[in-house]
Amino acid sequence: MEPTEKVTYDRWDGIAPIDTRYAKDVIPLVPFLSENAFTDYKLEAECALVATLAELGLCSSDVLDEVTEACKQITTDEVYKEEDLTRHDIRAVVNCIQARVSPEARPFVHLAATSYDIIDTANVARYKAVTEQVLLPALIELEKVLIDLALREKAQLQVGRTHGQHAVPITFGNAISKYVDALGQKILKLCQAKNGLVGKFSGAVGAYNASSLLVDDPREFERLVLGRLGVNPAPISTQIAPPEPLQYLLFEVVQTAGLLAGLSRDMRNLQRTEIAEVGEFFEAGQVGSSTMPDKQNPINFENAESLYKVLVGRWVTVQLDQICEHQRDLTNSASGRTYGEILGYLYIVVTKITKTMKKLQVHTGNMERNLEMRKGSCGEQLYILLAKHGHPDAHEAVRLLTLESKETGVSVQDLALQSQKLRTYINTFNASELATIKDPAHNYIGLSIESTERIVGQWTEILGSLTI
Amino acid sequence: MEPTEKVTYDRWDGIAPIDTRYAKDVIPLVPFLSENAFTDYKLEAECALVATLAELGLCSSDVLDEVTEACKQITTDEVYKEEDLTRHDIRAVVNCIQARVSPEARPFVHLAATSYDIIDTANVARYKAVTEQVLLPALIELEKVLIDLALREKAQLQVGRTHGQHAVPITFGNAISKYVDALGQKILKLCQAKNGLVGKFSGAVGAYNASSLLVDDPREFERLVLGRLGVNPAPISTQIAPPEPLQYLLFEVVQTAGLLAGLSRDMRNLQRTEIAEVGEFFEAGQVGSSTMPDKQNPINFENAESLYKVLVGRWVTVQLDQICEHQRDLTNSASGRTYGEILGYLYIVVTKITKTMKKLQVHTGNMERNLEMRKGSCGEQLYILLAKHGHPDAHEAVRLLTLESKETGVSVQDLALQSQKLRTYINTFNASELATIKDPAHNYIGLSIESTERIVGQWTEILGSLTI
Amino acid sequence: MEPTEKVTYDRWDGIAPIDTRYAKDVIPLVPFLSENAFTDYKLEAECALVATLAELGLCSSDVLDEVTEACKQITTDEVYKEEDLTRHDIRAVVNCIQARVSPEARPFVHLAATSYDIIDTANVARYKAVTEQVLLPALIELEKVLIDLALREKAQLQVGRTHGQHAVPITFGNAISKYVDALGQKILKLCQAKNGLVGKFSGAVGAYNASSLLVDDPREFERLVLGRLGVNPAPISTQIAPPEPLQYLLFEVVQTAGLLAGLSRDMRNLQRTEIAEVGEFFEAGQVGSSTMPDKQNPINFENAESLYKVLVGRWVTVQLDQICEHQRDLTNSASGRTYGEILGYLYIVVTKITKTMKKLQVHTGNMERNLEMRKGSCGEQLYILLAKHGHPDAHEAVRLLTLESKETGVSVQDLALQSQKLRTYINTFNASELATIKDPAHNYIGLSIESTERIVGQWTEILGSLTI
Amino acid sequence: MEPTEKVTYDRWDGIAPIDTRYAKDVIPLVPFLSENAFTDYKLEAECALVATLAELGLCSSDVLDEVTEACKQITTDEVYKEEDLTRHDIRAVVNCIQARVSPEARPFVHLAATSYDIIDTANVARYKAVTEQVLLPALIELEKVLIDLALREKAQLQVGRTHGQHAVPITFGNAISKYVDALGQKILKLCQAKNGLVGKFSGAVGAYNASSLLVDDPREFERLVLGRLGVNPAPISTQIAPPEPLQYLLFEVVQTAGLLAGLSRDMRNLQRTEIAEVGEFFEAGQVGSSTMPDKQNPINFENAESLYKVLVGRWVTVQLDQICEHQRDLTNSASGRTYGEILGYLYIVVTKITKTMKKLQVHTGNMERNLEMRKGSCGEQLYILLAKHGHPDAHEAVRLLTLESKETGVSVQDLALQSQKLRTYINTFNASELATIKDPAHNYIGLSIESTERIVGQWTEILGSLTI
């Protein structure tokens, strides 16, 4: 048996999880990121070239028709079989086209193009398309889910946590709005990045040597060819387009995954048995553990952080592809072929997190219970109010009360209200100020609600008018 | 002897090369990036707070005067000695200030601030300042050096190189303009990134809990405090400002180093003994090798690539600092303290490359000699012109000529001109087309010159109107 | 159409190049690294458990027969369909087995096992097997190719190169022996690393809670189960085996790729048009460039470096998987699924480099020609011999000669032989010493040949007695 | 003012935190890792060369005395001033020595050495020494602290945690022994790695060209020179020693930091307000928060994870230094100068964690309280015992009980004991089996204690006989 064929028959012979375990999760990206898609986009770029030649009268419309028709029929498999002979990927594409057209049409196929005029342009076209049509819509959906959650929970009290320790209170909606804002920013950055992508049609060393033989204005010619794929030309290129614009896109992708990993880490910690403020929805029939049937684990949140670790590593590869010797070396070729996976992994993360956040169980009772642990912890507001009302060393005074509280078991709050030394200051507190001391858990949330509303409002407006 | 003091006396007891071997190279950054500078910026942030309190009538101008005066006197050493007692860096700063002011002024020091209101704001202020005042000017100087070089060498023929192999010709100026454009882009991106930096004055968990006790509009209060340091507030923060804006700045820094590493790699390869198209200037008295006194090595270019490898690694750390649990954990603190080095290393790279490119020896004779090796290599233009003039399988025809040329030693050019099969096509070539076949080294440079002029023109104009 | 099924039908719908473009190159690894292979190994681990239960008399041999038979029939597809219901990967495996056995056998399936008792053990078994059966043999083959090359070229003079500049001469075989030694070391390290891999059968939190209910000596029980797969148990585990042993294996894999990337970089540079000391073999019919038919590019060497950049990134992910909270969190799960690709990419690199080095064209004429450029460059030996013969400042004397040589065009060698100042010293040189001055290119190669023989001899011996 | 001098006067003008904020923490490493130390080790290597020349009768003992005396007097500052003139670091060292010795001694200084014969050997010597004398002792001390803790807490019940969710119980000592074993392994690996370090004295391209002019057996000569610094020679070298041995050392360093970051993450999570099973010791006078005086934060554990993130990045740089063109390029020079920091940061982490673990507050009451939350959670043991006693579908039966428990609020344990369906099976449980159901928190800890004792015993023995 010829081994390649075996691979063809069974997807489970794949090695990369994105093509096996996670294959279902990335189905919407297959029309852009699969090897088949790559073939299609390369053929589209070859067509765009001939169409431009026809537009400029350099070949007949019959030639264009022939080439267009040929490109429709060519399969990836056919191209790979040809490549087995030529050992050159784009030459194989060209041969496949030429084999299907008349001798008259043949010379115009790939005319004046270098391989990377086709490859870089095809890649930019498909990365741009997948970002516009799949990734950004998915991110916007998640943003809306977060907006809804933040708004719904804008007044739900939650203890603030720094260093994993209870700090002063916020609201759960406020905690979520941090992610609303950060994700919103990333959506805008991804829009910019995909709009900044550039292709090229400047020939073997980027100096338009070849196209200069054909046309008077090779830059205009480049614009026309690329324009047919919706791609802008690079200001200057070598054999390849400059790496940075694509690096920006991939950078934002990795960073967006980092953001969602951060959200996931937060949710996982809030789901800890002792904290239990949130919970991943658990489907009927779902098994938590193969050995402990009663466990409900935050597996989607864990998965998101795991895939983020994958992407942190992927970025290093992208970064290293920046250096390319002289008018190009090929050391970015094999590595560049893995870039599609980066987009794929983000998509998996986004859809999992969207689904999970949409169904997030919020245990408000536990939020209250945990917040209650701060009953009497009025240190911050006490020191500020003491200072505001003239105490010369408020921070130290409160620190001493805290130590006393630890030793005696009496709350800082009670110690403060009983203290002779502090009486003069506390007597000048107004009612609202006193309330933050007496019930610190409930009366000391600053602008938690207002900030949530402000952020949610801003991003609702921005999303409303956003054109991808 | 107390060991700390020993360290004080001798800079050569330092461990990091940026503080020993490269200390001289980063002197212009010391006022921003040193620990002393950090102290100064933190004190400035504490002053800005009191100044705002005074502006709003919450304290007297005498208090402000006292605090301002105190801050002028405080040294890093003093703060560290205090921190040995408190074990808290910002509390130490506050204690140092309070120790120098009257009991009346004390309560207003650090009032309603959390540590990172001061630290994040101080850091943003100094990173912004160093970018504006040192890094960007240095990059702009390098950009001008590259522009001058590209312009001077715009017509200097050079063989194009792909895969390290000779390809069709360009000009040396054209090769340099690739870097003119890329560096220009980076300068603009760095401008954006430093303008996008944000600080915060939103208290312990980012909800303005504390400042809400003092003022009616805590967001406006934040704007006033930060405004005094020229810093914009984050749309929403936790105990810390969101990490992404600073990540963008550091990302651009690393990428800029990558660009210059690419330029350096090119120059190093062009300096290879067998190629010898360029050379690093060698100062009188300079020793090339401790054992081979006649060697001239591209050490500055090598150094640039080496420091780029340092920065690739540094980025990973910055990336990992994106995740911060809940309203913050402290795992970005020690790592964040190393960010200044990132800016420092780029500065070293930029200044070295500027100096080296300014004095770059361009051996035009060797460029000509190397280009001569392509004498007769007219494959690309021959195939395009044959195709243009109707040959149905031009690429294959030229490939066969190439093989024949290898076997016979006759140049492709001569074989083509003698070929019966090709005669019909070649006879239709016009004079200029024939010239690209007959003298491919000199008559086939496409838009090399025009592209150089275009790119150089664009960036000269942009730099001319750039406000940092 | 159900999208999963589509993916099944066409391998070119895959996204990861390892499953599309490079699928053919990794065929020998499919029996170990594919999802199908993973299923098989997990089933084998489940069988090993039941076999051990039978061995200890805890279940009958009929039960074992049933389970063994069931496991033979189960397909990955079936398991995935079951997982769609249970949402738990190992529960799905267990259900598939249980569905095929009698009620009597069912309780013994997966009894006392936690998921990762199966998964970690299965992974270790297959990674160990693929290393032993595929990776190490491939590396040993390459090592033999390098040994042969080094031996054949042990006396072929080549100029030494430091900083890309000509230095004193070596032999080409000597340059290759550096890689013989380094690759040999890696082979030994990979052997150690695969032998150090450990699995586990210690239950949900690693304390043998479950197996303690079944057997008196759970550690012995673990040894028995794992022994059936040729796997050693971890000294102590949690829900998972400790990450470090597998990290060592993957680390060596990445490092080995780094080594071969270094070799590739060297070969690419030696293949530069101007240097041309080596060349990648070019197959008949192979196309060098889609636009420049006469180019022969070092694409396999470039590919190796490109894949190395992929692996540098992959390592970061592996590194980040070291931290696992408490008795485990799941954030190493999705990322861990990509580890097989790491082994796969190294295999691609090794086989490409083996093929390429085997057919490497060595252009000895060009090696001689390039070495000739050093004619007269006798700086190092001159300074040493002068010093040896008593000159008090030999290095400086030679440096001055070098400058004089640059200005006058007279070789250092001739200047030295003519120099009055040096005469007293040079007159004391013996014949062999004089020869290193007079023909430095040929008479100054130190132990190049002996070192080559020594290294080649050592590794031939080690490989001869190596048991994988 | 000359800027260098300014830097000299104030250590707080440093940029790298390792030389400012953390300078005190790395004092024990200064004699190995500072620039002064580097100078000393280079001088020692130069002395070793002359000593060997004297030993072999190639120079007189007077020459050796002169050189030895000179080396004692030379300061880093002097060398750097000389380098300002020569622009070559090792030439500067040599000139400084030569300036202090007689014309007769001068020729023997650095004779036949290339720069990296000195530099690589000096670096290996000091990295080996600092590992032996500082790092390993510090790690062994921590290992002993962990051993003591594990032993003391070997029977202290603690809930096991997977996915952050309560799982079956272990003991706290068992949780710690995971780190005892992992750290023990790292100590052994670090020993191996430092013993595997190799230097070189093989000249400018590694072929002993120069030393062949002086001695009959240059390999033996190399062994003698290096032996004086306790350094082994590389099997084969180029201008530099092969990078891998040092990479192994640095790899183990980074991995060890990863291990301690994992420990720190665990401790931080156990210190969460709601969990509160452990606490960092808090010194009298220490301030927890500048604004919330009552907070006690796990700052040392956070610091350890932060510095680990620093080291993850540093590894990438070390990895990238593996590739070195031909007989060397210099792109590993500047980056290599930062390696000392890697050792320094690990040392900071180790000493902080040692101090913190030594004083770790273990809140056993809270461990009990948290474990109580599992009261009634007997799912795992119930399913295993049911299966052991013949239930054909035990896992599913328990899963259904779990759901019922959620709906009714009755514990799984009670539901099981009341269940008609399960009665037949449960009636066959023996007393000890029943106990694991009735009090799952206390009677289901498997080998937690035995494993702890075993691991602790093993490592106590290994450490007892370990020769560093």
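Chains here go by letter, A, B, C and D, matching the order in which they are written, and residues are numbered from 1 within each.
Just so we're on the same page, contacts are C-beta pairs under 8 Å (C-beta built on N, C-alpha and C of every residue); 3 or more make two chains touch, one makes a residue touch a chain.
These figures come from a predicted structure and were not determined experimentally.
**Q** For the interfaces B-D and A-D, which has the higher count of C-beta pairs in contact?
**A** Pair with more contacting C-beta pairs, B-D versus A-D: B-D.
**Q** Measure off the straight-line distance from the CA centroid of chain A to the CA centroid of chain D, and report it in whole Å.
**A** 33
**Q** Roughly how many whole angstrom separate the Cα centroids of chain C and chain D?
**A** About 25 Å separates the centre of chain C from that of chain D.
**Q** Pull out every residue in chain D that's touching 2 or more other chains.
**A** Within chain D, residues 91, 94, 110, 112, 161-164, 167-168, 203-204, 210, 268-269, 287, 289-292, 297, 299, 302, 312, 315-316, 320, 329-330, 380, 384, 395 contact more than one other chain.
**Q** Chain contact graph: line, ring, star, complete or other?
**A** Complete.
**Q** Would you tell me which residues of chain D are touching chain A in their complex?
**A** 159, 161-168, 268-269, 271-275, 287, 289-299, 302, 316, 370, 373, 377, 379-380, 383-384, 395, 398-399, 402, 405, 412
**Q** Would you tell me which residues of chain A are touching chain B in their complex?
**A** Interface residues on chain A, with respect to chain B: 58, 91, 94, 98, 103-104, 106-108, 110-112, 160-164, 167-171, 174-175, 177-178, 181-182, 185-186, 203-214, 218-219, 235-239, 242, 244, 247, 251, 254-255, 258-259, 261-262, 265-266, 269, 312, 315-316, 319-320, 322-330, 380-381, 384-388, 390-395, 433, 436, 444-448, 451, 455, 458.
**Q** Quick check: in the complex, which residue numbers of chain B touch chain D?
**A** 3-4, 6-8, 10-24, 26-27, 29-30, 33-36, 39, 75-77, 85-88, 90-91, 94, 110, 112-115, 203-204, 210, 268, 283, 285-292, 297, 299, 302-303, 305-307, 309-310, 312-318, 320-321, 329-338, 340-341, 344
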